[in-house]
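Right after this note come the structures.
Below, subunit A partners subunit B and then partners subunit C, in two separate complexes.
Our next item is the complex of A and B:
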């Protein structure tokens, strides 16, 4: 019962946060100097043309009226029409979302893999030079943001040893007739390994750039939790039973040490998704973030609104899922 | 355990010196750029386009780190770019710190409705992708130095507010705060004389980290061509140009990238080092 109430409260605060985001974006955007309508029309358009289009997009009404109209549309799944691309915002955004989701999830997997390995190796060889090296590597990785790692990767794997593509999501020459925009998952599902290889060749650098800071955080926190667990009685018991040190760490210590890391990874995953905006730009990857920057440059108000709200929705959903997972996985909270 | 601690503090000393040294060097470059830059950073010469750095064949005397596609001197542009980076780091960092830390202090010390309002805003801010928010703000405010600084303050105040709120909360629960109150000190006075000095080390460490972040945000904004006017030299702008011509002229990308990399690394190492220095538990 208490759990149900906690979930309801959480859902309510999520809704309030999303509403707040919508209000702020709406107000901020409407202070934009420069008339977006004037930019759409060819030079020589008459005042009447401008007025007609302004009415069509609703810019002649007050901010409050515009907001209520927009909100009632959003509730029905209608995010308006993009000014620069002249298509429904919901359609444009949903077409780009799979690319960004795939990139974020692959980056998360890479981060968990690298960070987890570093933490396990660091715990196995604790208080040796290997642990020191891991600490130093993680500290360095954490100090530098994904944007700079992306540039370093471009130099390493795009110029010095050009093995990966430095721009785009897929080679245009590749003939694909996929039904969804989840190219990576669909290529896996259809066993199109040529497409898969091409996708990975494009995705590798942006995903690694996004993964490096998160991997460092996972390595640091998980190693710390693991080392604390290694002093506990039941771990000592397992050791006296004659288990190998490696088994003790992975089988006994890991399940108990993973919870704090899990919570943090959730929050950090939203930062990673936020990082896709500039990383997609850097690698000309055709995702949501790249489209967002174009939308801002083109002053495409409906599109900007749609994308920002979608990002906020993803962020709050990720946090919600993490909180629920924490409740489910933590026995102390479950029985409270 | 003790030994491990003293082991840890030694490299911190070296780190502090190295990062502080680099930042001093950069500050000098920023201040004295007009006197030490070998060339005019804006001078274009299409006959000198994409000249390699001095140790490569075909380099041009006086252009130590080569030239970009318009024949502008890379070294001089890095030196002048340091000016913008340093101004943004100092001004935007300090303003963000002042506003964010004040709000965090108020929320953590007074609790009640000020805390509820400030924390709600922090929650909403956390739901924005920061880079997109920054770009959006620049589009609204227009490009220019003031806009960049305002944008950084608006985006990053929560970084201070969150941490300082938590610190102020835990400090408020301590006995010494209660005794100050019993002694009849005003609430506001207690906050300034009792809480603030105790959270100051955290504020200083965060401020140093924030300066590095401000430099990155500025670089990202100039990378998407939304910083200050397009012809003034910025590291981000140089990187954007270098990214395009990376296969023809790697030096246009590599040198500003190294500069930016070392600067961000120095700020964060300095911040981490200060945090460890000040932390009473570690000390």
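Our next item is the complex of A and C:
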């Protein structure tokens, strides 16, 4: 009951947060320089032409009136029409969201795999040269931003040893009609391994570029937690029982040490989704981030609003899920 | 886990197998031409919305749709769907002959009715054609046989030139009316050399050759254009063999890559120019300051040092390809003259004249670096300019509101090469694209808009350009050169408009 109430309260605060984000974004993008009408003015435009265009796109009204009209549409699921793409914003962002989600999830999995392995190996070989090497590797991974990792990967696996695709999400020559925009999951579900291989070939470099900094954070934090746990009594007891060190780490220490990392992964996942904006651009990956950059360049205000609201919604939902998972995984909170 | 030789071999084999699953194909013979393009294609209707006036995407449109009147690679006007055209004797009517035997991509015949519908639609303000101010100058568009006529409401000397320019495309009346705007966006058809086979927004467009194209079927039967907006990625695409053709890479990379085996480069001037708008406010109302600023810039030095020699210095807003180009109009690099002019107004290296210059950074090749170099040259003669970096969107807004800084770097495209679409719109005060409000220039330009005598009209524009150069009302800098890289198996014909057109590409 208490859990249900907590969820309801959280959902309410989420709604308030989204409204706040909507207000801020709506006002800010109209205040900053760069009028979309000025960008589309033909050479011989007269004052009447400018007025007609402003009326056509609703920019002749006050910001408050524009916001009210937009919000009433949003409540009914209508986020307006993109100025540059001339299609409903809701359709555009929902079509793109799966690409970004798939990329982010794969990147997260890679980060957890690499970071977790580094932490476990570092703990197993703590206070040795191996741990030093892992710390050094993590430090290096953190000090280089993801887009630079992207360029390094393009050079290595795109040019010098060209085994992965440099741009796009899927090869244009592939003959497949997807029923959803979750290409990766759908290819897996339909057992189209040729398509799956092609999708991975496109996704590998952007996902790894996104994953590297997060993997380093996971490695550092999890290793630190594990090392602290390794001195606790129940771990010593397990060791006394004769368990192998590997078993002690994975079965006894890991379940307790993982909680702080889980929280961090949740928070970092939202940053990871934010990171897709640059990475998707670099790899010409047809996700939400790539579309966001175009929307900003073109001052496509309805599209910017739609994308930001969707990002905000994802961020709050991810945080909500992480909080719930924390409660489920932590017995002290679960029984409180 | 013990690391044995066997486990190491297994791991290596697994890694190699994984790494090759997504391996791109590197076919020696080019069956499917792949182009890494530098911009996205936002929308398929080439006659409405902001995309319609975006010069950088006209290459996509010209692959699928036909302009009323096409332009040859050297910007001369050719014969297209409109085979012949002109005015009647008293210029109260226009007439156009429509090519017979042309079909749309769906097999329907292209008729004079399609031309009538396209022109009427373009001239109707409600349809949202941004160039309606031109198309709306004719009315009562009618077809009789394959001849289309229209009444002239207001004489526009450049009317037929616009038929080769922005929004000057013929669309299929019957199909468009059947599927509507949304249906057309989802499945566009035209009469151009290629048909749209597959389109993934922000990713690629796959084109199939139109075997029935009136101008002859293109050589490459399938063309994939990938939208690769990042320059470093485009370099990697061509270097790795993933793309056969790419464009707009940094000049240093262009020189490096074209020296490699299997990659060739072509770099030709295009119709885009770099220039500095001067707004007649603050110190720019002083002709001495403007002239000093103009004479202090060594354009050739900038082209050589910053653009690796890829650029053509210009002294008016006309490039050598334009009809009103006059090579006798010169603004020499003369720093001593600049110093003397500034001294006349009480300025000098010890008492510099100060103003702000705005520029984009990374919007055009070396834009910011060029402005930095110019500011350095200015400093030597007694001009202290502060650089303000802004986004291109802000430039448009400030320019439309006539609130640009005293100096502002910009680029201007004019593929039809008419002076109205260069000097005219850039320097005529009432234009939303001009920040120059000088009465003398206004008085010289105003009568030229509707001038019916072509020779007199061009002579008039040349006089305007001379006046502008003498008064330094704008600082033209250079004509851009477009770098195109391609694999040795492809022959690329560059187009002066800057549009990269796959139907002009052949196997070499």
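Everything below uses one rule, namely that the second predicted complex is superposed on the first by the 304 of 336 C-alpha atoms of A that agree within 3 Å, B and C clash if a C-alpha of one lies under 4 Å from a C-alpha of the other, contacts with A are read in each partner's own complex, and residues count from 1 in each chain.
As a working rule, a contact is a pair of C-beta atoms (placed from the backbone, for glycine too) under 8 Å apart; a residue touches a chain by one contact, two chains touch by 3 or more.
Remember, predicted model here, so these are calculated numbers, not experimental data.
Q: Quick check on the superposed pair: does A:159 touch subunit B, subunit C, both, or neither? Answer first, second, both or neither.
A: both
Q: Looking at A:86, would you say it contacts subunit B, subunit C, both, or neither? Reply first, second, both or neither.
A: In the superposed model, A:86 contacts subunit C only, not subunit B.
Q: Contact-wise, after the overlay, does A:282 reach subunit B, subunit C, both or neither (first, second, both, neither)?
A: A:282 contacts both subunit B and subunit C.
Q: Given the touch rule stated above, what does A:168 touch, subunit B (first), subunit C (second), both, or neither?
A: Only subunit C is touched by A:168; subunit B is not.
Q: Kindly classify A:26 by the partners it touches after superposition: subunit B alone (first), subunit C alone (second), both, or neither?
A: neither
Q: Does the superposition put A:183 against subunit B (first), subunit C (second), both, or neither?
A: In the superposition, A:183 contacts neither subunit B nor subunit C.
Q: Which partner does A:297 contact after superposing on A: first (subunit B), second (subunit C), both, neither?
A: Both partners, subunit B and subunit C.
Q: So in the superposed three-chain picture, is A:151 touching just subunit B, just subunit C, both, or none of them (first/second/both/neither)?
A: Both partners.
Q: Does any part of subunit A touch subunit B in one structure and subunit C in the other, and if so which residues?
A: 33, 151, 154-155, 158-159, 166, 281-282, 297, 299
Q: Taking the touch rule as given, give the residues of subunit C at its contact with subunit A in the complex, in rising order.
A: 19-24, 26, 32, 36, 40, 42-43, 45, 48-51, 53, 125, 128, 130-134, 166, 181-182, 185, 198, 200-204, 206, 224, 226-230, 232-233, 236-237, 239-242, 390-394, 396-401, 421, 424-425, 430-433
Q: Along subunit B, where are the residues that touch subunit A in the complex?
A: 4, 120-121, 123-124, 126-133, 135-137, 139-140, 142, 212-213, 216, 219-220, 223-224, 226, 239, 243, 246-247, 250, 253-254, 257, 260-261, 264-265, 268-269, 272
Q: Give the list of subunit A residues in touch with subunit B in this complex.
A: Residue list for subunit A touching subunit B: 13, 16-18, 20-21, 24-25, 28-29, 31-33, 127, 139-140, 142-145, 147-148, 151-152, 154-155, 158-159, 166, 270, 273-275, 277-278, 281-282, 289, 292-293, 296-297, 299, 304, 307-308, 311-312, 315-316.
Q: How about subunit A: which of its residues touch subunit C in the complex?
A: 33-46, 49-50, 52, 56, 83-87, 96, 151, 154-155, 157-159, 162-173, 197-202, 204, 281-284, 286, 290-291, 294, 297-299
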